[in-house]
Amino acid sequence: MTGWRAGAGTALDCSVVVPERGVDVTFTVDEGQTMALTGPNGSGKSTVLSALAGWLRPETGHAQLGDRTLFDEHTWIPARRRNVGYLTQDPLLFPHLTAEANVAFGLARAGVVGRRNRRDVARDWLGRVGVGQLASRRPGEMSGGQAQRTAIARVLASGPELVLLDEPLSALDAQVVPQIRELLAEVLTGRTTVLVTHHEADVVALADAATTIPAPPPSA
Amino acid sequence: MRGRTGHHLGVALGLIVGSGVVLAGCSAPSSGSAESGTTLTVFAAASLGDSFEELADGFEQENPGVEVEYNIAGSSSLAEQILAGAPADVFASADEPNMHTVVAAGENSGEPEPFATNVLTLVTPADIPADTPANTPGITSLEDATAEGVKLVVCAPQVPCGRAALALAEDAGVELSPVSEEASVTDVLGKVTSGEADAGLVYVTDALGAGESVNAIELENADSAVNTYPITVLAAAAENGSEHPELAQRFVDYVLSEEGQSVLEADGFGAP
Amino acid sequence: MRVRPPAGLAVVGILGGAVLLVPFVALVAGVDLTRLPGLLSSPSALDALGLSLRTALTATAICLVIGTPLALVLTRLDFPGRSFARSLVLLPLVVPPVVGGIALTEAFGRRGLIGEHLQLLGIDIAFTSAAVVMAQVFVSLPFLVVALEGALLTRGEAHERTALSLGASPLRTFLTVTLPLLVPGLVAGLVLTFARALGEFGATITFAGSLQGTTRTLPLQVYLERETDPEAAVALSLVLVVVALVVITVAYGRRDRRRDDRQTGARA
């Protein structure tokens, strides 16, 4: 029960410049801290996350995660080798897999070897996020809150060195939001995290620091 | 049996085939000549297409104000359409069984008369270099064409040219082992002109029509399977207009006349 | 409460349905049920049915193996002229099948572009069951590719990205995420592909020929039967209609059920 924690806590130093989307953001996140990115719609918050996750190559900029360079002028590590976890408002669980298999999906990267070990670790994680009893359910048989809990377990179980959260609570029913927020606060403790959110409550509950991205110039 | 078949076809195909034919028929008079404009509708077998175009020109010259419209298709399709109530004046079939179908259903008016014959001939692709390994060279007879390894294409026994091919083979004492039995003589010819087949059995008229793209090899016993083409005025002619039966008979007579026969002969048909 | 279309449109819509259905009703009405067993168990009919099933299944399997990668290339790979390439795939759908048959002959016939060289290797395709399968693949592949493109485009790439972000290799992502998610679209596409292959006529008769047990599939048998025994042709046609009906009901019924399930699932 050690391998999957190994990645926790590495500092991030990044600068993302995407002129066509009016994005020019520079910030650092200390090891184990959570940085909230806030700002109006269209300010490019999600663009920053895409660049860090490896889905969009910024025109210029760089990202340094611990001693690794995720990207700069010369370097581009593809998404699957970044060890960066990405959670969106849509849990994006694999609909054909059970909750347990969804969580187990990323365990290979976390270094968990053997089918039985993966099952045990996946169950353990499902228990930690409060859906231990749903291990054999498929996403279609879960509520929105249950699915998002499973998605949180899946992304953290894969042992990311950096966690990216893109409005993780905004698609949930209002009555489950406080519980999931509480869960996130608990499981993200000690993990380097970038959180994009609209909600002040999220910033207060989850972030150690915040960066506000200004609105883009009114061009288009 | 035949009659019931026809009835069922009337139900099944009437909507599709019949309606198309009726529409075509309806639009015909408007395109006829302005004065005594009469449009004669002739159903002619596919192999007669070119010859009947020529015959129509001659007939229209002899009968001013009359326009001949053709429906050219396989004889069995034409018979089906006639039984389904298509408003045709004349039916020229490529074989006797299909004419028989029409007569049995009482759709004719007057006795069908034979007006042409057609015999089979062997065709091989023309423009193949002799040393092409794919093609068996030196096919000069039906025996050669039925030899092992030769790709022979014939008509299926269900259609007139296939029946003729069988009769021919029986007479020659050879057994046909074709690589394909096509539903129409056009398809046989196509397989030979494209070079897919080494040899094919088609009508003399088809071989003539294909021109340079095939070698036609006359068969010694071609006369053992003579296909006779009958023509008749149809009962539906009376419904098309009072002058139609007489005009239709005049067309039949024209086909049988010396002038008509010479046109057919030029296209490779034999005399009845 | 549903938003109803204007009354006039409904009437035209019902007429439209009649245009599709009346010929089939007439076909069924034209079958002499007492003769049906005899007609369907004749050696030529059984040969044709067996050949049709064998070749159509083979063609469907080939379409699956080559069509899935093609659909992926057309939707997930950026290359110049992609949208043109995507419309090219539709070509066999819109040209008359006879034209397809002629094109196949020009390519794989004895004197064809490729056939000429195959010939030298001793491979002769014309007049074989393989030619039938090729004609069927040619005309039915677009059905599969179009169905898969639709499935790939509606679903998007979010799940695949998630898998890659979790450290999965592209191959593992394809096998464990892309393919399983494609299954509904794949089933619907395969069913249409099979039905189209089963019904293929024009390209087959032009390219493959017609010989009982080798190249004379059920549609060719129907066409030939018409010459001498139209009643048998109607009976065989009925078999094709019934097979097509079963295939379509199974596939689309299943899909609709799944969709309903998903909706109720989302509400719960």
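Things to note:
Lettered A, B and C in written order, each chain numbered from 1.
We take it that a contact is a pair of C-beta atoms (placed from the backbone, for glycine too) under 8 Å apart; a residue touches a chain by one contact, two chains touch by 3 or more.
Everything quoted here is computed from the prediction, not taken from an experiment.
Taken chain by chain, the contacts run in an open path, each chain touching the next and the two ends left apart. Of all chain pairs in this entry, the one linked by the most C-beta contacts is B-C. Central chain (C-alpha centroid nearest the global protein C-alpha centroid): C. In whole angstrom, the spacing between the mean C-alpha positions of subunit B and subunit C is 35.
Distance from the subunit A centre to the subunit B centre is 77 Å, each centre being the mean of its Cα atoms. Centre-to-centre, using mean CA coordinates, subunit A is 43 Å away from subunit C.
Chain contacts: subunit B has no residue touching two or more partner chains. Taken together, the subunit B residues at the contact with subunit C in this complex read 4-5, 8-9, 11-12, 14-16, 74, 76-77, 80, 133-135, 151, 153, 156, 158-159, 178-183, 187, 190-191, 194-197. Interface residues of subunit C facing subunit A in the complex, by the touch rule stated above, are 158-159, 161-170, 176-177, 180-181, 183, 261-262, 265, 268. By the touch rule above, subunit C contacts subunit B in their complex via residues 22-23, 26-27, 29-32, 105, 109-111, 119-120, 124, 126-127, 205-206, 208-212, 215-216, 220, 223-231, 234.
Subunit A meets subunit C in the complex at residues 53-55, 78-86, 88, 90, 92, 94-96, 105-106, 108-109, 140-141, 143, 154-155, 158.
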